[in-house]
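Right, one structure below, let's go through it.
The letters A, B, C and D name the chains in turn, as written, and every chain counts its residues from 1.
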Amino acid sequence: MIIEGKQKIWADYQKDIPDDHYFYVRSCIRQAFFPGSEVTFLDITRNKLGKDFYENPYHTTCGGIAYHSDTIPQETAMTIIARQFALMKESGYENYVCSCITSFGCYTETLETWHEYPELEAKIRQYLWDSCKKEFAKPKYLAHASDIIYKFRFEIAKQMKFPLVNAKTGKPLKVVEHIGCHYSKMFPSKGFGGAEYPHVLVGMIEAWGGEVVDYPERRQCCGFGFRQYFVQANRGYSESNTHKKFESMEPYEPDLIITNCPGCPYFLDRWQYVIAEQTGKTYGKNGYGIPALTYEEVAGLVMGYDPWDLGLQMHQVAIEPLLEKMGIPYDPKKKYQGLNGKDLGQPMCPSCIKSV
Amino acid sequence: MDFGFCLSPSSHVKMDSIDLTTFNRLKETNPDVNTCIACGSCTATCTAGNFTEMSFRRLLLMLQRGKEDEAKKMIQRCMLCGKCTLVCPRGINIRKILLDITR
Amino acid sequence: MKENILIIGGGAAGMEAATQLQKLGLNPIIVEKSEALGGHIAQWDRLFPAFHPAKDVVDQMLEQVKDVKTYLNTEVTDIQKDNNGFHAVLSNNETIDAKAVILATGFDIFKAERKQEYGYGIYNNVMTSVELEKFFRTGKDARINNPKKIGFVHCVGARDVKVCNTYCSKVCCTTALKQACEIKEVFPEAEVYTFYMDLRMFGPGYEDLYLKTQKDFDVKCVRGRVCEVSEDMDGRLVIKAEDTLFGKPLKMTLDVLVLMCSMEKNKSIDAIQQKLGVANNSDGFMQNKDMYLGMNDTKQDGVFVAGACTAPKSLPDTVGEARSVAVEVFNYINNK
Amino acid sequence: MNQYIFHPFVLPFVLGMAFVLTYCVVGLFRVICLLPKDDRKQFWRSLVTPKTAWANIRDLFGDCLFHVKIWKRNPILGYMHSAIAFGWFMIIVIGHVMLFTLKPLEGVEVEGFARTFTNFYYPIFYKHFATETPVFAFLMDFFLLMIISGILIAVVKKIYSKIVGVKRVTKFGFADNMVRFALWTIFPFRLIAEKSNIMAFWWLYSIDLMIFMCLLPFTRYMHIPTEALFILLRHAGLKPREPRKGYALAQIYSCPSCGLCIDACPMSVNDKMSGNTSAYFMKKLRNADDKEAKRIAETCMQCGKCVAVCPLSIESCDIKMTQREATPYIINSDHSYLEDRHFDRPQGAEKSPSVLYFAGCMTQLTPKIMRAMKQIMEAAGENYEFMDKDGGICCGRPMLLSGKTAEAQAMIAKNTEIIKQSRAKKLVLSCPICYKVFKEENHLEGIEIQHHTQYIDELIKNGKLKVNKGEVNYVYHDPCELGRAFGVYDEPREVIENVGNLKKAKSEKELSICCGGSLGSFNLTQQERDEITENSVNDLMFNNPEQIVTACPLCLKTFARKSPVAVKDIAEVVVENI
């Protein structure tokens, strides 16, 4: 690997991110899958980095799932997006930050389409007016939430308590980065580092002391693919994608996977359990899996947030070995206690992959 | 546990691990096998191909891509009529190759 | 007094045009930006289809132009036309007055790093066809260590809307097969694969080369474009392509991957070209008057083109055009 | 025992004779025992059936002694062979006759075993022991000189074969050369011994005989004793079933490696390929060189010319087929997909066609033959139907040629079924390859099977088809599977003479040279085939014809690659002159 070659590409694919005042929109599924992630993101940016993030309580889904599952036409999806933009305008913001990669893809696609076909934009403007009596303004900057963390990765590093380093050996952790497909594969120029060698997560890993693993199936999709996952009979395809990635990364013995998409961490996490059940194989050491975390969770961990506050108990793959590696203290008893201290109840233990 | 789905086999031809014994053996006695340009004349004229999926072009590829079982199944359809040999623009002795595979 | 003809570019086209113009009694002047005449062909080891040493051809050409006035390390920085002809200012501040100008500026090699998915400049063992040719000449390249498996990717930077080059670069197919044979000669035990979209064997003896490649060198031609390259733990290259004839995706590990880089228009001449009023065609090369009878003419009186500056061309094509441009210029001067 | 009756120099001869007799008896026993049971029965029966018995006697004399077939082919070689064979035979016969008519010298009487033993060598060496009457003396000397004259020709042939009209001769090993040398010297030694009575020459004569007889079983000269058995077996109507057993074995040992098939073989266009000829095949079989025998068997084009020219009519093509059948297959064919194929009766056709036309695979590649046949049948007002308009089932000949008899039978049965479904009275074929199979393998009782040459000839003769005689000079090429296989030589020639002028080729009818495209060969490369084709075309162009006419789609395609003049099928030529 010639790192200079990558650096050259990274330098070619940079984009402007404003310094402050962002309009934040959430992801539909992340709040259910990894409920701590978005909260942590807002807490880090607002309280640790002192940035202005505004959330409008009226914002909705971007319509991406329905759009990609072919249940709504493009115009409908665009009108939903136009309404989000209208909310931003009403709130007095012009820097739009979304939490979801699918959304990021939809927003980018919509803005690019409007750019190429202004008549379509006019049509959507009319639809939005007809349906909601709202008027939108296109955001001045569109960013994904991981772009924000990327931008402030060195500020975060300054406040870091537990770097991505094995506390016992002092060696950097081996980290697999997995980018959501819709982050830059559709519009390479819209992502940090482009489509082939994205830098957005690599930058975080390097800034926080980890070592990036570049394995042959790095570019492979996690296998979420709306149409594949939503139909039970097709889920095998979805699972097979993930399986292929794990088979490819296994020899590198990664300690951690970091992702920036709602679906990827979920699938990279949950499929490990399914694969273990079906084939008896686990990819971590000693019968454990490889933790697949969101970038917010990783940021939270390195900044010293309590793992259970980050919602890491919601992961199928046990997080404890990683915490021990990084030397992060945790109270095992509190794993299944809610924020109010109430017992959440313990999940059943799978037979083939260790969960504690 | 039955999830109602399972890992689907990879459709990739894994060139690093395929077994080329048959093809290499064939190559020794019939250096012609290398010279196919995949024009498909053999398939188009094939008497058996009129009724089945028999295709010599594909059969050669199957052997080169480690799908020997498929190739052996396909070759059973052949009637050895020799039309393929007559039309091959590279002058490959196809009938001989087909016979050699089956022996 | 002999009329001056300014030839910009001292590659195959420029040298051959100069040779012929001299024979026709004109005074050609070659301006070459690099430090030696010969152009790309001088960087080549052997030529397809018969593995003829390129040096032979270049040496012959050099011999023929040894009396031609030649400026090396020199570029044309400005050019004006008036009723007396062209007045060119060179980078060494000399000026040349000429009755006609021949643009023989040739081509540039496509920058392989632009096809990011092939990882040129990122993965250690990805190289270009030009670098492989250098290996054949010098026997040295750090990337080539007794490789067991070698792959060639055709059409890198050609027939590819993603890099804005929709044209076929013409010579890469034959070059790939030539190089595949040559690398097999060096490493007879190695397996050599070429990944092609179409094999365009357009010239005499080229199809024979293809047959030889298959039969004598056992080079495996796979129809399908490599779509993705990565590196495994041992630093070997994992490539993915579809075998389109078999209808299945295919994955394999290689020790060396050679990218057959296409020809692109030589852009260093753009400013002068603009001053001369010569437009580009849709492929980005220089626009000649027409492709049948006016291939050496441009829309500008007295400005001629020859060789790969108008489209990707093989050496014989280029030499042919260089000779025809000499006749065109001769007639132009005499009919004035 | 009287010294004049016995002399030690007879011992080498006696030894050799005893060996060769034992060997032949054991060999005879082996051949007969290795025959399949039914074949053996058939053989015994044939010996007593008057018709075959007569044929046996005729051929035993005609072929073994007088070499009538070689005489016909090449009188010089004929004389050479019969001089040696017949002369020797006569010397033996007369010698024995003398034994009964002459009293031994000095009136010595020997009785019992001694007498028999004496008879064993006496006629061979009689001159040393007795004096004969002038008549016998003349006869014996005459035949001895006759033999020596034959040997002289043989020596000349060996030194310069072209004098006797032979281009290529078989290349021999050590044993063969030894025996040949012995054979050449036996009679000169005898002559010298008889005339001079020098002991050394009697010894040399006897030792020569021993060498000849002891090495005989291991050389081509084994054909001398075996040929007789082979003639009997052939007349019994047997077929070879395994490459090195029974009848085939008799044929193997009967092959004299005379090499007539070498010049005849279309493959003998160069030295390398001439090694693929039948003489060498039989030799490899005799030497049990299975690998080479297999290779030659699969290289052979099965044109049958070697059989046609063989003075012994050795069925080398059939033996090669048994060799092919002996090669095992690891993948069997599966043609179950043919099961639901049936005759496609055209819509609206109520009547069954009277003529069913089967183009065959090869004719599918030469649509002009199909079109011409269609036009001919239309012009003749025939009620016809195409059997394989949309692609038919292969006739099965290529499968048979590859030794897959059972698989071929399945295809043959299917085609039979389709033909019967059509209820046609006559089956017309354009391809001699198919013709051979339909004639020999398909059970199509009640249905007349014709090749289109025969069919067109019939149409012209019975006036259904009117043709004009044109001015074009044609030459006709006999397809192997029509000509040599079925003797269809005259019909095509008559058809051509009806529409134009027929020029002769250099080699015609049973001597015609295969086009080189034959499906019979598996191993020949395109380049090798091209050489054969060029040679065959040159032969056809002997009288500068304007067009080459053939009657086989495969010949047509093959010649078209190399011919300097137009190559046409006979049907096309007829259509041009309707």
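The criterion applied here is as follows: contacts are C-beta pairs under 8 Å (C-beta built on N, C-alpha and C of every residue); 3 or more make two chains touch, one makes a residue touch a chain.
Note that the structure is a prediction, hence the values are computed from the model and not measured.
Interface comparison, B-D against A-C: more C-beta pairs in contact at B-D.
With centres computed from CA atoms alone, B is the chain lying nearest the middle of all the protein shown.
Separation between the centroids of chain B and chain D, computed from CA atoms only, is 38 Å. For this pair, chain C with chain D, the centres built from the Cα atoms lie 64 Å apart.
Between the CA-based centres of chain A and chain D the separation comes to 85 Å, rounded to the whole angstrom. Chain A and chain C have Cα centroids separated by 46 Å.
Remark: the chains found to touch one another pair up as A-B, A-C, B-C, B-D. Within the complex formed with chain D, the residues of chain B that make contact are 45, 47-48, 50-52, 72, 75-83, 86-87, 91, 93, 95-96, 99, 101-103. Chain A makes touch with chain B in their complex at residues 232-237, 239-240, 243-244, 274-275, 277-279. Interface residues of chain B facing chain C in the complex, by the touch rule stated above, are 11-16, 27, 31-32, 34-38, 57-58, 61-62, 64-65, 90. Per the touch definition, chain C reaches chain A in the complex via residues 113, 116-117, 119-124, 228, 230-233, 235, 238.
Residues 199, 210-211, 214-215, 218, 220, 223, 240, 243, 245-246, 248-253 of chain C are the ones touching chain B in the complex.
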